[in-house]
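Below is one structure, written out as structure tokens; comments come after it.
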Amino acid sequence: MNKSIGPRVCDIMVCAMARLLQDEDRVFHGVSSQMPMVAMALARHIHAPNLVHLNIPGGVNPASIKKPSYSSAGSELLATGEAYFPLEYVFDLSMRGGLDVAFLGGVQFDVAGNVNASVIGDYHKPKVRLPGGAGSAVLIPTAKRAIIWRTKHDKRTFVEKVDFVTTRGNLWKIVTNLCVFEFKNGSLYLDSIHPTSSLEEVAANTGFQLRYDEIRYTPLPTEREISMLRQIDPFDYRAKEM
Amino acid sequence: MNKSIGPRVCDIMVCAMARLLQDEDRVFHGVSSQMPMVAMALARHIHAPNLVHLNIPGGVNPASIKKPSYSSAGSELLATGEAYFPLEYVFDLSMRGGLDVAFLGGVQFDVAGNVNASVIGDYHKPKVRLPGGAGSAVLIPTAKRAIIWRTKHDKRTFVEKVDFVTTRGNLWKIVTNLCVFEFKNGSLYLDSIHPTSSLEEVAANTGFQLRYDEIRYTPLPTEREISMLRQIDPFDYRAKEM
Amino acid sequence: MSSKIMSLEEAAGLVRDGDRISFGGNVLHRAPMAMVREIARQRRRNLRIIKTAGAHDIDLLCAAGSVASVDAGFVSYETEFGLAMHYRKAVEGGQVIGNEHACYTVICSLRAAASGAPFMPVAGLKAGDLLQVADYFRVIQDPFGGEPVTVVKAIVPDIAVVHVQEADDLGNAVIHGPKFEDALISRAASKVIVTAEKIVPRSKIRMRPDQVDIPGFLVSAVVHAPRGAAPCSVEKAYDADTKAIERFKKLKAEEIDIYLNEYEMKDRGFKVGGLR
Amino acid sequence: MSSKIMSLEEAAGLVRDGDRISFGGNVLHRAPMAMVREIARQRRRNLRIIKTAGAHDIDLLCAAGSVASVDAGFVSYETEFGLAMHYRKAVEGGQVIGNEHACYTVICSLRAAASGAPFMPVAGLKAGDLLQVADYFRVIQDPFGGEPVTVVKAIVPDIAVVHVQEADDLGNAVIHGPKFEDALISRAASKVIVTAEKIVPRSKIRMRPDQVDIPGFLVSAVVHAPRGAAPCSVEKAYDADTKAIERFKKLKAEEIDIYLNEYEMKDRGFKVGGLR
């Protein structure tokens, strides 16, 4: 890795997400999800060759994710895939307990592991109408491990109590631009801090008291990971959200 | 028609069934259903060009029904069709009120319009286990008009009370080798007697008291119908059940 | 059998004020934008939109004031285009009711409709405020003795609009690439309008009947609509027109007519029977 | 990714006594007969079969004494071959429980399984003795205030066996012609065995991923089984062998081994890695 540039947060996030995936995991990402899409491809190339990559257009294990610049639901995912397994069947799969990992978004998260993707303020008269939970309300309760990623870690996002509980359930990790949280024993715990951030920064941008067992740092991307990332994501879609 | 041969019962039955179909009707036949299959093709060629022919292999409006000699669920129905609409969607269509006519079998029928395709004797310890109702239990209640055909009209088939009510509902007509029944006002009525049979024969082979408004005879096939039948069903599958 | 080909204007006439309407495609892919624009130009009102994940279609109709409610799992452009601000403002302003669904509960509502059932079980919807605030969810007992299960109410769209690559004049429609929920909405809805990049001969469709995604007998109108999904993408035809989307996103609601007029000639083309 | 190719014998070993098992195909078309025969040869017992409409598959396993129950809408050969007499006698003799379904209620049971739901509404099942005698149906209230609705209990097959024209070694399977409920049972079951007329290279499947009916990740075993549906038919490969079916139909239950032995060499072929 070129030290003069230093590690980029998006690379740290994508590698952290990729390492959460195990071989043979069946993993789903939705729309507006370039980072998980790249993370899944990275995992398949590095340590999880039998990972099953599922997505909205229904392409199983797409060979390429290079084309759909503005979309993580583009037809290339099917065109370069090995089979067609459309969205409604991915949901069914999770409902019957057959989905290992779901990558999901969300706008507000609280210390108790509740996720809000619906509204700020009252549901029937919202101050802010959010885009909606997409798959979250059914996938977070049913996927064996739900991973949330979020590139804007601030006090409006990580709150003591969410305005609206879109869903809760098998939340496992939240990967942000500053750190990784783990949900365990009914609470969000600080799991690791990105080397590009600090405990102080995370605390200053989190709306609840941080809990942690020990201070750990998210491992930096390896050279192999970075070079693989350049290969599978040459147009740097993983940086789009930053 | 060649008078020296005389009208065949199978032709009378198929033509009677075809005439029950109206233009634009969505019509379904199942397995072991060569006669309805031929009747539907006949109707499409004679008076119902916009009839929608639905079947188990899922071929919509097959251009040909010549090949599947032993089957009315053969792949030719799809291969020569205009679209694919599989069985499960045909059922759904009927459930939501979108199927006009269903052709169904059955083994026992009673004067009150009950249909038995399941067992003779006790359900849990049957004296005779019948093949089963296939689609009947959900199609007879939901298709707008259910037509039953039966090539063996006898007292074991047409009874005062069936051993087991597999289903009941929108039964409309029963076309047999002797006559046509109509179900109305909660009872089976003798609708028309085939010219090849007689009131006495129908009465002698029916296990309940015949009801009828007037004595009518089923119209004979026209020359045009017979010549069309020879064209669409050259191998005479319509006679297979006789 | 008689042709169902209509002009875009005629077909849009099948849509009534207050209709429940469902659009094919997903987010920026294969949304039936030509028909969406025509519906807006015809000033349809109080539409109740149903879609798993919408973007430009829902946003445009909200901007045009054509919408009463939206039942969707997700309404937003993808990452680089940001949020669907017209939708958002319309909900925040109280003009539009935003019924929050999971994409899957929309699917289940449509499955219920397609199978004539009043509701559909949703095994995964187990927790959260949605069960309290949304009157289209109910938790019921499992009559077979298992855990209680959430069910979602059926939604029967009055009309479904689907944009495809190829259709014949009977409405037999072929989708290339991802099909999303298009076939499902065609079975759930009372009427179906197909808009197609290309009208192909019946004989071509008959060569591969198994490739037909929507059978013609479910279809009420077929519209020849080249570039009928633009500025959204169509597999094997064109990619999303990112500049047009960005331009749209800068418009205020009162400027929407400019946008609709720009597309009017392209959308309507020449009349049926004429050249396109 | 590693190959899932197995011999017929090995794959049949995945089937356990007492399993719920569902077969692909419909009546005389594309039934996975090679696997059915191997299961019978391996003397599997107490199988609980689930199929919309079965014929030779169910009849043969009943003759072989492998069956505890059958959940089906229809069990019979087509017109000219008559009834499935082994099935019939087994039910009449009390050895086999014949659970009467409509083909559609089997479909709904499997849809419930595929979607993790405990039950599925069946809008059309409104009357008749089945509602009284069958404990897998219940009439429940519509929580949204409509008419009461019948629901059917989910059936999760332990194993699904599907015979297809083409599969790669990962289990990505392509069905030509009618697909019947094969894809549905592959999603409803806990394990899936694919038997295939032809094993094709992964690269061939990747040329048309949208044509794959069953994705490999759902599949536990892939068996190369040329003529694996005979004497039933396979679209584009062979028609039903009416003589073989007629011969079988004349056999008594105690003569079934003769029939199974006749097919043994053909069914098993040579071992994996050898010629076939």
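Quick notes on this one:
To keep things simple, chains are lettered A, B, C and D as they appear, and every chain counts its residues starting from 1.
We take it that a residue touches a chain if its C-beta (ideal position, glycine included) is under 8 Å from a C-beta of that chain, and two chains touch if they have at least 3 such contacts.
Going by UniProt, the chains are A, B = CoA-transferase; C, D = CoA transferase subunit A.
Remember, predicted model here, so these are calculated numbers, not experimental data.
The chain pair B-C and the chain pair B-D differ in C-beta contact count, and the higher one is B-D.
For the pair subunit B (CoA-transferase) and subunit C (CoA transferase subunit A), the distance between mean C-alpha positions equals 39 Å. Subunit B (CoA-transferase) and subunit D (CoA transferase subunit A) have Cα centroids separated by 28 Å. Centre-to-centre spacing of subunit A (CoA-transferase) and subunit B (CoA-transferase) amounts to 57 Å, using the average Cα coordinate of each chain.
Here the spacing of subunit C (CoA transferase subunit A) and subunit D (CoA transferase subunit A), counted between their Cα centres, is 37 Å.
Annotation for subunit D (CoA transferase subunit A): residues 115-117, 122-124, 177, 210 touch two or more other chains.
Contacts with at least two other chains are made by residues 59, 78-79, 91, 94-96, 142 of subunit A (CoA-transferase).
The chain pairs satisfying the stated touch condition come to A-C, A-D, B-C, B-D, C-D. Residues of subunit A (CoA-transferase) touching subunit D (CoA transferase subunit A) in their complex: 26, 49-50, 52, 59-60, 63, 78-85, 89, 91-97, 142.
Interface residues of subunit C (CoA transferase subunit A), counted against subunit B (CoA-transferase) in their complex, comprise 1-2, 113-117, 170, 172, 187, 202, 205-206, 209-212, 214-217.
Contacts from subunit A (CoA-transferase) toward subunit C (CoA transferase subunit A) in the complex involve residues 30-32, 34, 56-59, 70-75, 77-79, 86-88, 91, 94-96, 114, 118-119, 123-129, 131-139, 141-142, 164-169, 240-241. Here subunit C (CoA transferase subunit A) touches subunit A (CoA-transferase) in the complex through residues 26-29, 52-53, 72-76, 78-81, 83-84, 87-88, 91-92, 94, 98, 100-105, 107, 122-130, 133, 177-181, 184, 233, 235, 240, 242, going by the rule given at the top. Interface residues of subunit C (CoA transferase subunit A) facing subunit D (CoA transferase subunit A) in the complex, by the touch rule stated above, are 108, 112, 115-124, 138, 140-144, 146-147, 149, 151, 153, 177, 210.
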